[in-house]
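Both of the next two complexes hold subunit A, though its partner changes from subunit B to subunit C.
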Partner chain A sequence: MSRPDCSWATAKPYRSDPMGPDLSQVPAQGVAQAAPDRRGTLPRRRSPLLRKAFPYLLLAPAMVYLLAITLYPGLFAIYQSLFVVKFLTWTWTGFGNYSAILQDREFWAALGNTALIGAISLSLQTAIALALAYFAYRDPLIRGWRIVFLMPMLFMPSAVAFIWKLAFNDGRVISDLLGRLGLIEGNLDWLGSIWLARLTLIVADVWQWTPFLFIIFVAALQGQDQEIEEAARLDGASWPAIFWNVSLPMMRPVIVVAVTLRGIDITTMFTNVYVMTQGSPGGATETMSYFIYRQGFRMFNFGYASAASVLMLILTVVIAQTVVKRAFHSGKQ
Partner chain B sequence: MASIHLQNIEKKYGAFVGVQNMSLEIADEEFLVLLGPSGCGKTTTMRMIAGLEVPTDGQIVIGGEVVTDIDARDRDVAMVFQGYALYPNMSIYENIRFPLRMRGIPASEHDARIRRAADMVELGAYLDRKPGALSGGQRQRAALARAVVRQPQVFLMDEPLSNLDAKLRQSMRVQIKHMQRQLRVTTVYVTHDQIEAMTLADRIVIMNKGAIQQVGSPDEIYSDPANTFVAGFIGSPPMNLIDGVAQDGHFVAPGVSVACPAHVRGKVTLGVRPEDCSVGGESAQGMVYGVEPTGDVTYLTVLAGTKKIEVKAARAYRSDIDVPVGITFNPAHLYFFDDQGQRIRGAA
Partner chain C sequence: MATTRKTRGESLLLRYLVLGGWALVCLLPILWFLSVGFRPRTEVITPKPIYWPTFSLDAWHLLMSDWPIALYLRNSVIAVAGSVIIDLVLAIPAAFALARYDFRGREDIGFYILSTRMMAPAIVAVPIFFLFKTLGLLDSVWALMLIYAAINLSLVTWIIRSYMLDIPKELEDAARTDGAGDLTILREIIVPACLPGIITAAVIAAIFAINEFLFTLLIASTSDAYTMSVALANFTGGSDGIIYNAIALVSFIAFVPILILVILIQKHLSRGLTMGAVKG
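Coming up: the complex of A and B.
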């Protein structure tokens, strides 16, 4: 360095004591730095054992709570399913309940009803939600008012079920509306026909849960790269062509997850059945959950009901696993 | 193959003016670059040509046809996007094929055309890969192939190289220029990179704040800037702009004193490019502020008064800082601008 006037030397001279040495002559590196004051705080030490256990201790309250309300009842149900239970009398039967269930026509009917009502309801709400989302996602109004579209699913399921019960059956609101439109004459007996009764369950479920899928699909579409859609437009694609060739394939993973969640929910559909139809007419609307409820709490075959719920759990897990795995596997290629 | 006419087009977003009253003629087979800082309206202009934005006012004519009210997909225009915009679910082959499918070109022609386009961008070996399995440069080449394959009337390129690293950018630049000359398609290219603009363009349009500042060949833009904005935007490092006063054929600013044409007078701005400055002499006096050797040249920054002047010095030039230094400006390459920033030309 050829510069004679280093900044520390030209800076205002600092003197701690008018009679003391002129500190401005001391090179900067030579001035002792005050050591940080550590008095009064001893470094804290933890035993290695505690350090290792600490994360688990933090997780423990939540884990205990979760295990208590899910794992314990689950294991208890599996255990109970091996017995014929009449209140306090437990008689060992091994897989007796299971073999009885597999020969029970009502069980197979309930399984069929669940699959049928669930499949129709799920396809309808997916299609409606996709169409609405695709038409609406560019609209700034919808971006701002998303929460309004969530309203139906924020209501208490049992309250919604009672409203639909009033609308279809007790209050005859729907029949009245259809009558005024001139579509039907008189009053429709919604519980008198197998398909009409199933339809009421489907309508109620679609009304309440389409918003769930809609909101997820809107988010997925808004997250898509705008440039890709514009590129497709310039490539000459019409709106439907863009949807089928570009947007929909890109949404696939989101659709699979959303539909799986909804599918699991629909498989365990209970509230609407309990409130609106109670399985009538003639068990045509009895779902798996309602079948289990009827076996357990109406007929008090607790072992039988437990066995049915174990079967249902296995079925749900297997289907959900297969669907998700397959969808994501093929998406990666 | 088509010419493009923009007639008094304007784009407003509420009170904000994106592009104001812009008229431009783009000749058939021309390579035109829209250059400007971000937010200057260059991308908006391109998107209006593409049909992705509707002008608030004015008319766009492509190949003799008024296309202002024609949807993007019916204008025979292909665009390359900054983010590539490849369809992630399709293979490169299907990506390139998409415009052919959508435009109803007979399937029997597809394969030959796709392979020709892919070979043009040297991507023939990657046709069955998905975009996710390609590098940035390969993706951008795939996007080029997709634009080329249907032989459009017009190419639009929206900062296609800005996501690539410097080395790749250089080789892609050459490839794009080669392809444009080979295909002879009218091309509009948007960039904020002056090197891309200078190297690629037949003509450059410099824009700022939604308005055209100057239109001209790269040479004209460089050696004959119309105003201080163009002068300060083009060149690396850019032109030195020194505010001062001119009187009786003499320009004076703190530390600077040079002769100027007699008709230049009052408050003016002197412009001089770093390569027209040389070390030693009387035009400007100052202290060395910094020296930056780059290998082939050395950039010297001189503090004259309060103004920093960039000088392109000899490769071997070295100096310590705060050393007095004199600079000579080449009198043949001095530019004067009035207090509005407009160039003062000729005798008045």
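Coming up: the complex of A and C.
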């Protein structure tokens, strides 16, 4: 990307360009906006300093906004995490919250649950989406009906949580269907067992978000060079072999980006936990986000919640700097 | 050659079995939930689930009489539309700088913007809550607008940047030779040329904003600021328990506009969802 400033000195004015009569007004406004504080000065006469600062000026509003909602809360969380906060009184405790959290069984359980539920859910939806995408991408019939496959993703997450809450728990639909298939007898208490409760969260997440990966994988498969695949087919390779040895390696960067994005969202899982399980039974489905929410907004341990936030932030930064940075660089190639 | 034909034939049957099966997995829960929205309350939670309910507009009447659904819809629309406008105003110049200029720290700034997308809402939930409390913005649509804009800003910037990178440099150079300034070029050439990207970014940001749950839950506490997403979860208390048929109906009211928006940008969806990393 070269510096686009080489032509500031060209004398021909923009508005004499025969691009159409209606443009005669517009560039004049554009110039006025470009240098509102120096009326009558054309932008091409701007100082070298301004020219150098120009990209930063373009970025400044967005950066200020983002810093306000990331840096300020980050610093606030760090500060607040050093206090025991009870309603309006803040009592200094130093690293008290941190040492308490690191010994808090519930904190480690929440971390473990997030990793466990996230990992299972993510691998399931990746596998399903890959298989579906491979079957779907060349099929004109499916292409026309692709929107059907996207529908779960377009439902509000809170509504999806209610769908599955009703299907699993309140409406007993899943139990009934499994009973009709002869797999179980009577009703399963989905919130009564650790793994059944986790399973409901996994099913809800896989159902809603497999479409996300699916549509990305389809696009990746459609974008790749068909001739390589055709050559492999003419050589007599079977379709699973083609998929495994040709298509999959070619779409690897895309898979990495898509799975990384999905992974980020899964680790922040909150809505389904809030609506469906509230962490029960015994905290087996409590995720990190729900832990922070419960400590802060149910038990009003704001200092404690902030300390947990800071720890999660550190984890996020580490993951962002390693996995995600690499993923997006490989995705750009 | 016979073997080739055989494997292809098999894969075709398998293909329609797998895809048809998954289409049912996608559709059946939605259709069933739609049926929940149009059945009487007595047929929602029963000892044995009822698959062929009697048709009823109970939920609709309840919505019309008890729930200020129009208010929630209005809150959603104001907060979401406002946030998308804020995002576009901030993101278009930022994306222009990232896509078209060479300056020190460009990669780092770009990655910093991207990385704000990775922050779990729960991490900033407590500080944001206190921030809005200090500003006196709790329980207001304006707070929701600001927070939705913040959540989606990185996404919008990266999507638009990706589309700007695709615009041929010559287009811009020609205008520059004619003496056009940078902002003129942005407005007259870059923005029109990457309009599909801008629309895609706006639609995806709108969807994420409509879906946002945690912040809305914390900031909104009365119907002054309830949006569709959180109103659902708050329609569950009281002696009536969870009123599923009304929830189902509300979720379909929110579903239809999203469906229409997505159909409009279908071709760009995969590129938008990956923040431009995948060209669909």
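Throughout what follows, the second predicted complex is superposed on the first by the 244 of 333 C-alpha atoms of A that agree within 3 Å, B and C clash if a C-alpha of one lies under 4 Å from a C-alpha of the other, contacts with A are read in each partner's own complex, and residues count from 1 in each chain.
Simple rule for what comes next: a residue touches a chain if its C-beta (ideal position, glycine included) is under 8 Å from a C-beta of that chain, and two chains touch if they have at least 3 such contacts.
Computed from a prediction, not measured in an experiment: that's the story for all the values here.
In the superposition on chain A, A:Gln278 makes contact with neither subunit B nor subunit C. Contacts of A:Asn245 after superposition on the shared chain: subunit B is touched, whereas subunit C is not. In the superposition on chain A, contact is made by A:Ile163 with subunit C only, not with subunit B.
The wider contact with subunit A, measured as residues touched, comes from C rather than the other of subunit B and subunit C. By the touch criterion stated above, A:Phe212 is placed in contact with subunit C alone, subunit B being left untouched.
Once the two complexes are laid over each other on the shared chain, residue contacts for A:Phe54 go to subunit C alone; subunit B is not touched. In the superposition on chain A, contact of A:Gly236 is made with both subunit B and subunit C.
When the two structures are aligned on the shared chain, A:Ala258 is found in touch with subunit C, with no touch to subunit B.
When the two complexes are laid over each other on chain A, subunit A has residues 2-3, 233, 236, 238 in contact with both subunit B and subunit C. Subunit C makes touch with subunit A in their complex at residues 3-4, 7-8, 11, 14-15, 18-19, 22-23, 25-27, 29-30, 32-33, 36, 44-49, 89-91, 93-94, 96-98, 100-103, 106, 109, 111-131, 147, 149-150, 153-154, 157, 172-173, 175-184, 187-188, 207, 210-211, 213-214, 217-218, 228-230, 232-233, 242, 244, 247-248, 250-251, 254-255, 258-259, 262-263, 266, 269-271, 273-275, 277-280.
In the complex of the two chains, the subunit B residues touching subunit A come out as 50-52, 71-74, 77-79, 81-83, 85-90, 98-99, 102-103, 130, 146, 150, 320, 322.
Taken in their complex, subunit A has these residues touching subunit C: 1-4, 6-7, 10-14, 16-17, 23, 26-27, 30-31, 33-34, 42-44, 52, 54-56, 58-59, 61-63, 65-66, 68-70, 72-74, 76-77, 80, 128, 131-132, 135-136, 139, 142, 145-152, 154-159, 162-167, 170-173, 176, 207, 211-212, 215-216, 218-220, 222-223, 233, 236, 238-239, 254, 257-258, 261, 264, 267-268, 270-271, 274-275, 288-290, 292-293, 296-297, 302, 305-306, 309, 312-313, 316-317, 319-320, 324-325, 328, 331-332. Subunit A meets subunit B in the complex at residues 2-3, 225, 227-228, 230-238, 241, 245-246, 249-250, 252, 333.
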